[in-house]
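As structure tokens, here come the structures.
Both complexes below contain chain A, partnered by chain B and then by chain C.
Up next, the complex of A and B:
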């Protein structure tokens, strides 16, 4: 018996240092791989933002937010005399905000109500079908949504490219995001809170309206902000629906501009290249702010 | 098994009530005291063939603390939640039998009427996180759209919070959200929320299981004080808690009401072997 113990002891003595060595090497390798790849990812983001700031900052001035873009000739004259390109992207900014606001007005009530339905009827077959369809909708390529909205709205409702058609396309893109985020944030509410309200004799619609929605409000807001920042950069569906407009337009049935559409237009015009960078910088900054806002709100949630 | 038969024993009455446990004199539930809730042949099933509560018949006494005890999964919480029809929230639960409050079937009342008369406090403190302490107390009125004058509201909040001895601790922060309260304070706030409706009965589902001993002692003292004006039904897995504060006790096992008697009797002279095994700590 004692011999056996001694043998085991010796084996351990030989075994442990070897074993630890292997572990440490593996750990070091893995750690350096993780650091290496995460650094690459971070530097990508930093490079993108840096390039945009470096190339775009000098075009950002007061006129950039208040004026519409110049025509090719004006831009060419300004460039050849070494001045900044005059004008700005006011039509794109107003058009984007207009369409995003309209899309939100359409998508948020639908999305939140469907989300509540899915949360309340988790196990019903119909709810399962809706959930699957929502997932499919999220996977539909944005150009396909643009085409469909072109067929439905542009051709049959507004009889031409319009801000309304653009908003409908964007709202379809927002819908699945809002539905799922609503459902997920409602799921995080403990059942006991719902039961507390029920035990006070509260009718069910009031439980939803006065307890569930206020409690999950931060979650809902986060989802909505992320959905908005997602559709702000959408270009493809807008090409087929809102088309673009050189002037500021508030008429809902007429074509409207959007920042990503303008970027595409500037890209196609060699004289306007400088405006691309300032427009991207603006778009990126806006989306970044929305994302940070969403993160800030999410960090404040109570549970 | 049949609790009613054992309960009826009018010869042993009030005088024995205050005698200490060591004297070991049997005492049964006093049938001359008015009763408030009568449960008749109540069965509750979560699945079709699996009964969680089997054919329970019992009468709960007014202004008494009735403790329901038993091992986990014996149906005590299920029984409690049937009394204010919480099971209707979950369509897969089926209930048969009858529960009467003051001789009126609870199934004939509207849920708002019923739940105004029978308040409930849950295992974990669950104040509404989006409401202030003040709004939490009068949440029942707010959520039901009952409008009160400002002076009435203030009075309800003050008396309810005083009843649960929370008033002095929160009177300067009534309009703040209750996040900073301790677990015990939150649970007392939840009791105040139930009291604000001036119910006849308060159901408590293991109200102290998430609390430390000091907070537990406070709530137990509170329940003894509240007994004067309210009828209290308490589910507990803590036998010593039942022994400390309850007047009558039910012992449930596997969905059946095995024994229902005065607490003194249950703890000193249990009639059923299963009860005896449970209270002596042999299982459960």
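Up next, the complex of A and C:
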């Protein structure tokens, strides 16, 4: 009798077409929703990058890298006669490189040292506090960093907007990234390597210099490149510190331009629209190359 | 003194730099906002007046706090379905396939795009589109900025979720499958309960990101000092009012902007701390 019932059940089930079985339908619907929303996400990325390439490529020429931006009038004349806007963003490129280099010089040594400290004192309560504060520092909005550096450097040290202030702001943004990436890549080193060096009686600074840093070098480089690619596009803190400059400037206590700052200025000037997209394309390309380089290095790392 | 000791002291001294920076940061923010605090006291938090006219200057942060919260909450609401689906796509459905690596690379790319580029894209592409489909006449406002913020925070919301989903032991999933569960039932009854804390933490951290975003929002929210009344109303956020008015500000206005900066610092730090706490507690 029970067997009969089971048979009947099965028979009943067979009458229901496959796609009406509730659980399977739900399963399929959910998968389609997941694919649909994922497609929306990646289409956003492609749209943004596509727009930049499509609108920006025709302004990228030799002058784009070697000349400073035109004034509004020149840009307007060129635009009304249907020509390319003359000039380029040389001041922004030099300024960005200058500030990022200076920020790296400040942030990388300190960041690596602090990273080593955290790695060596993993279990200490004090190190835990430093780690938490580093995380807090990493979460501080970039505009607040700009505000702070304005209060510190612009008001008290350089008495005005300056490249130095911009570099300090960028280095504060870089520091926590370097600290955490250094610690993480040191953690990957097998303890046996370090112990072998110590067993040979190697002084501690030599263990750091000849064992820890070389073996985690690829990890450190990845962290540094990612940190640089993060700060390259920062605009808000630079608006409050480096301000911008229509000419190329190497004087550290005077205002300096940067590519993202120039984009912001072009955005506020309707005649410069074409330059916006090429500057954006340049900036994005630079950031992208750094990111890919970091990924490539990370893929080759052993520890 | 031997070299080991010296290096230990150098490392320790370097670690003090973190304390120094964060301590001095809080100190300067507090000091800078003192004039405004003396003038307005706690009322600064609940006053919706922002009037820089000389002679009858009056400042309050409520408008900007509201603008920041509205845009960020909207961004989170819009980002969660996208981030959740992308996480499942990468870490569950198409795990370890070429498609998953393409999707995760593209999503990582989102994190690399600078804020100002999002702003430009929102201004030149998204805003006209919103005007065209008739949602609003100018295209500026809470909705536009929330949408751009949502795209910006997707990578932050997915990265941690992906790792938590991937860390779930296969045995758990296989046990469910062997009982005849469908994929959806496995996701619902095995993956979600196990990854819940990690995913919550990543959404909270993404929310923290949205709170502090400056330029993209500044370019899209309309920068008007009024209380946002609806999705398509214009407004101003804490970060955008600093970016907009800092250049011309002095005296009491500057101090009020610094106080807003302090508030923003406190709010983002609390949100981030909650996220980190969840990660630590359930890791």
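Just so it is clear, the second predicted complex is superposed on the first by the 268 of 303 C-alpha atoms of A that agree within 3 Å, B and C clash if a C-alpha of one lies under 4 Å from a C-alpha of the other, contacts with A are read in each partner's own complex, and residues count from 1 in each chain.
One rule holds for everything that comes next: a contact is a pair of C-beta atoms (placed from the backbone, for glycine too) under 8 Å apart; a residue touches a chain by one contact, two chains touch by 3 or more.
Just so we're clear, the structure is a prediction, and the values are computed from it rather than from any experiment.
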| item | value |
| --- | --- |
| Room on chain A for both chain B and chain C (clash or fit) | fit |
| Which superposed partner A:203 touches (first chain B, second chain C, both, neither) | both |
| Contacts of A:22 with chain B and chain C, given as first, second, both or neither | neither |
| Touched partner set for A:133, first chain B, second chain C, both or neither | second |
| Contacts of A:179 with chain B and chain C, given as first, second, both or neither | second |
| Partner chain in contact with A:236 - chain B first, chain C second, else both or neither | second |
| Residue contacts with chain A in the superposition, chain B compared against chain C | C |
| Touched partner set for A:270, first chain B, second chain C, both or neither | neither |
| Which superposed partner A:30 touches (first chain B, second chain C, both, neither) | second |
| Which superposed partner A:50 touches (first chain B, second chain C, both, neither) | neither |
| Minimal inter-chain CA distance - chain C and chain B, angstrom | 12 |
| Shared contact residues on chain A - chain B and chain C | 203 |
| Contact set on chain A toward chain B in their complex | 190, 192-203, 206-207, 210-211, 214-215, 217, 302-303 |
| In the complex with chain A, residue positions of chain C that touch it | 2-4, 6-8, 10-12, 14-15, 17-19, 21-22, 24-25, 28-29, 32, 81-86, 88-89, 93, 102-103, 106-110, 112-121, 123-125, 151, 154, 182-185, 187, 205, 208, 211-215, 219, 239, 242-243, 246-247, 257-258, 261, 264-265, 268-269, 272-273, 276 |
| Chain A-touching residues of chain B, taken from the complex the two chains share | 84, 86, 89, 111-116, 119-120, 122-124, 126-130, 139-140, 142-145, 179, 190, 193-194, 197 |
| Of chain A, residues touching chain C in the complex | 23-24, 26-27, 30-31, 33-38, 40-42, 44-49, 51-52, 110, 113-114, 116-118, 120, 126-127, 130, 132-137, 139-144, 147-148, 150-152, 172, 175, 179, 203-205, 208, 229-230, 232-236, 239-240, 260, 263-264, 267, 276-277, 280, 283-284, 287-288, 291 |
